[in-house]
Amino acid sequence: MVKDALIQAGMNIGWATFIDLLLGVIVAASFGMVWVLLGIWIERKWAGRFQNRIGPNRVGPYGSIQSVADALKLLTKEVIIPRNADRPVYFLAPVLVVASVILIAAVIPFSPVVIGTDLSIGILYVMAVSSIGAIGIMMAGWGSNNKYALLGAFRVVAQLISYEVPTVLSAMIPVMIAGTLSMQGLVHGQHVWFIVSAPVAAVLFFIASQAELGRAPFDLLEAESELVAGFNIEYSGMAFAMFYLAEFMHSFFVAILFSVLFLGGWRGPGAEQIPFLGIVYLFIKSILVYFVSVWLRLTVPRVRIDQLLNLNWKFLVPLAMIYVIFMAFVLKIAPVPDLSGAQAIAAGPYEGVASGIYRLLGPDFVATLPQAGVLLLANVLFVVVAAAVLREVSRRRRMRVEDLVDETDYSGAGGAGGYTPADHSETAAAR
Amino acid sequence: MELTIEVVVFAVFAIITLAGALGVVLARNLFRAALLLLVSLFGVAGLFVLLAAPFLAAVQVLLYMGGIAILIIFGVMLTRGMVQARQVMNSQWDLAAVIALVTFVILMIVIVQVAQGEGAPLPSLPRGDVAADSIAQLGAALVDPAQYVLPFEVASVLLAGALIGAVYIAREDEAE
Amino acid sequence: MNLNEWAFVGIFLAIAGILPAVPILLGWLLGPRKPNPIKTDTYECGIETVGDTWVQFKVQYYIFALVFVIFDVEMLFLFPWAVAYQRLDLFAFVAMTIFILLLTIDLFILWRKGALEWT
Amino acid sequence: MIPLWMFLVVGAALFAIGVFGVLARRNAIAILMSIELMLNAVNINLVAFWRYLTPETMSGQAFAIFVFVVAVAEAAVGLALIVAIYRRRQSVVAEDMNVLKW
């Protein structure tokens, strides 16, 4: 639209394209930044309610411009640079961390027509871009030249890269059903929401992505109520604010991502016809997901680092891998149906109950329902079997631990199956 | 050859790649060298995009920058006594420079000869477009018994072996 | 392939770098700058810094990174396979099952050997 | 469009830089990084030839993927060896690893 207007105004085609793209980029990129100002206020209000207090209420109506005031305050604060800091690395780190989050906005499908750019590798692009954040954190740890910052950075990076495995593996299921990596393609492929056809993947993705955010209950390296801070200990003023900003922006983007992957993105009644409705639907879904994530953050106690890593490597990753094979198998039994027949019925000349239902609910939805039902049943079966196996495994382990405790044999450090204190947490995680 | 936007973008990524690579080789501080390796790898990802292989570009970022580079940085930290070396190059660095230069010159001669050769000169335009569903084609080719399924399974054996072996080597010996 | 969409990503890359850099720069310009030796000292809860910054790290960090990288490669194979999955035959399923099972078995071996313990 | 030889020149230059790094650096991890550079140079060439000569098949991309696999395996085992040697000898200088030298 802008491009055509500019070309009509007599501008060179190349420049018109460039300005068109630039405008799109600025809108998409600042979306996150603007959201943060609002989102922080919303989250603080929620947190206040959860903890039986009011939350911010001084600046503006209901404290709604508190975040703006905070940002202005931070602007006037001194940016303390540690004497021994590796300066270029020290200042590049927050930039890289924020950039890695903002870049996700480029491929978020807000509605059938509103999307930054619909890359053919959409979801892979998201995963690739967010994996850069780990490097930014590593740089922050190194650049500060502080042993606690470096240690904290190591821990965060170990957490981030560990949980990347189940995140990506569970995102593989929607890709498999929709048969595309493009974000719009994933939304278009969801005639029935993927949370129905692949609920286990949705749960896995939600847990793993919460850990990737580094928020409670997985925020052990910041742990503001217990430790001083993690990798960002030497940062102050605006430089620190950037890490904060990245965290908030990321948590909302992950909620959007979850909605796109599992809750049908912008899908909803009438979204195809009125693109604006799509944006509203996506926001409602994302806010709901975001609320659940904040809810978890405010009510679940923090995990220990060994529990964190055990949960990932001994539970989520094996489960996700077997689940991928399992879903692949089920998809061979119940392949994604051919939708042309359903559309023919809906558009067909004859009247009747079938054609009426097809028209009312949408032909694609009705035609996909049986397959989604089969997938749902298979998922339930998977959960039942997995739970039975887990119960059995943890029962055996518990018995072994009890036996060993009876004999008070604590000597077996290491070795296959030997009792180590870590086994306690393992049983806890398995339960 | 005129100076189109594509050529400019190519030049930018080529310079990023090569400058980063030079930095890796020359940097005193090993951590900085690892960061410059990231820069170089990013440049290569850009070249992949220009070559219509966005999947490889994304994998380059996800796997090389987010995986191998992190692994290397962890390795650097574990041997941190060596991060800041007094002497970066060994005694035969001058010889090494000559060999590298000779390698480059020979490769250049080959490229120039082939580019101007009569048999099959290097094309300046791609022969045809990449299919729109190239990623799906790639996936199909990897598990196609007529194409790459054998290397594919061998790759999994290699990875499995490398994982067990590397963990075994890296772990502290329990006997000591 | 449409290079225009990648031009978008390219410009986005630049903007994504500028957006966080500007506030930091502004903060640095607007805020006070009064460094003193105690303020710019390495922060360690008020105690003077002891020893070198470069404490020895546990090799366990490296082992987790190692396992992660191997599984990252697995993902690299899984993505094109998942995209193509609908049009593939049963052989493709078996091939990928073998691939994934090998790595799963690997993970279990490491687990049994205690390489995944954080002690 | 960019002619093919420009990609080949970048690949060649990257490879030569990698060769220099492998031969000249003392630190074993730096040598490993240089090897990664060389593997990347190979990948540029593979993908460039694929794009210009056989874009209708997926051979170039498939080969590039297998190069990725080799790069990962090499980095994983190589770094593990270096870490183990460092623990034993407190050094990662390639010239110091001369137990087998006669």
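First chain written, first letter: the chains are A, B, C and D, and each begins at residue 1.
Note that a contact is a pair of C-beta atoms (placed from the backbone, for glycine too) under 8 Å apart; a residue touches a chain by one contact, two chains touch by 3 or more.
Bear in mind that the values here come from a model prediction, so they are computed numbers and not experimental data.
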Neighbouring chains common to subunit B and subunit D, by label: C
Identifier of the chain whose CA centre is least distant from the whole-structure CA centre: C
Pair sharing more residue contacts (C-beta pairs) when A-C is set against A-B: A-C
Distance between the centres, which are taken as Cα means, of subunit C and subunit A, whole angstrom: 15
Centre-to-centre distance between subunit B and subunit A (centres being mean Cα positions), rounded to whole Å: 29
Euclidean distance of C-alpha centroids - subunit C vs subunit D, Å: 21
Where subunit C touches two or more other chains at once, by residue number: 1, 6, 54, 57, 59, 61-62, 65-70, 72-73, 75-77, 79, 82-85, 87, 96, 103, 113
Per-residue multi-chain contacts in subunit B, two or more chains: 6, 52, 54-55, 59, 62-63, 66-68, 70-71, 74-75, 77-78, 81, 129-130, 132, 135-138, 142, 155, 159, 162-163, 166-167, 170, 172
Touching two or more other chains - residue numbers and ranges from subunit D: 65, 68-69, 72, 75-76, 79-80, 83, 87
Full enumeration of touching chain pairs: A-B, A-C, B-C, B-D, C-D
Subunit C residues touching subunit B - in the complex, by the definition given at the top: 1, 3, 6, 10, 54, 56-57, 59, 61-63, 65-70, 72-77, 79-85, 87-88, 91-92, 95-96, 98-99, 102-103, 105-106, 109-110, 113, 115
In the complex with subunit A, residue positions of subunit C that touch it: 1, 4-9, 11-13, 15-17, 19-21, 23-24, 26-28, 30-35, 37, 39-45, 51-55, 57, 61, 64-65, 67-68, 71-72, 75, 78-79, 82-87, 90, 93, 96-97, 100-101, 103-104, 107-108, 111-114, 116-119
Residues of subunit A that touch subunit B when the two form their complex: 14, 89, 119-121, 124-125, 127-129, 131-132, 134-135, 138-139, 142, 150, 154, 157, 161, 164, 179, 181, 414
Residue ranges of subunit A in contact with subunit C within the complex: 17-18, 21-22, 24-26, 28-30, 33, 74-84, 91, 94-95, 97-99, 102-103, 106, 116-120, 124-125, 145-148, 150-151, 154, 157-158, 161-162, 164-165, 168-169, 172, 175-176, 179-181, 228, 233-234, 237-239, 241-242, 245-246, 305-306, 309-310, 313-314, 317-318, 321-322, 324-325, 328-329, 331-332, 335-336, 414-418, 420-422
List of subunit C residues in touch with subunit D within their complex: 59, 62, 66, 69-70, 72-73, 76-77
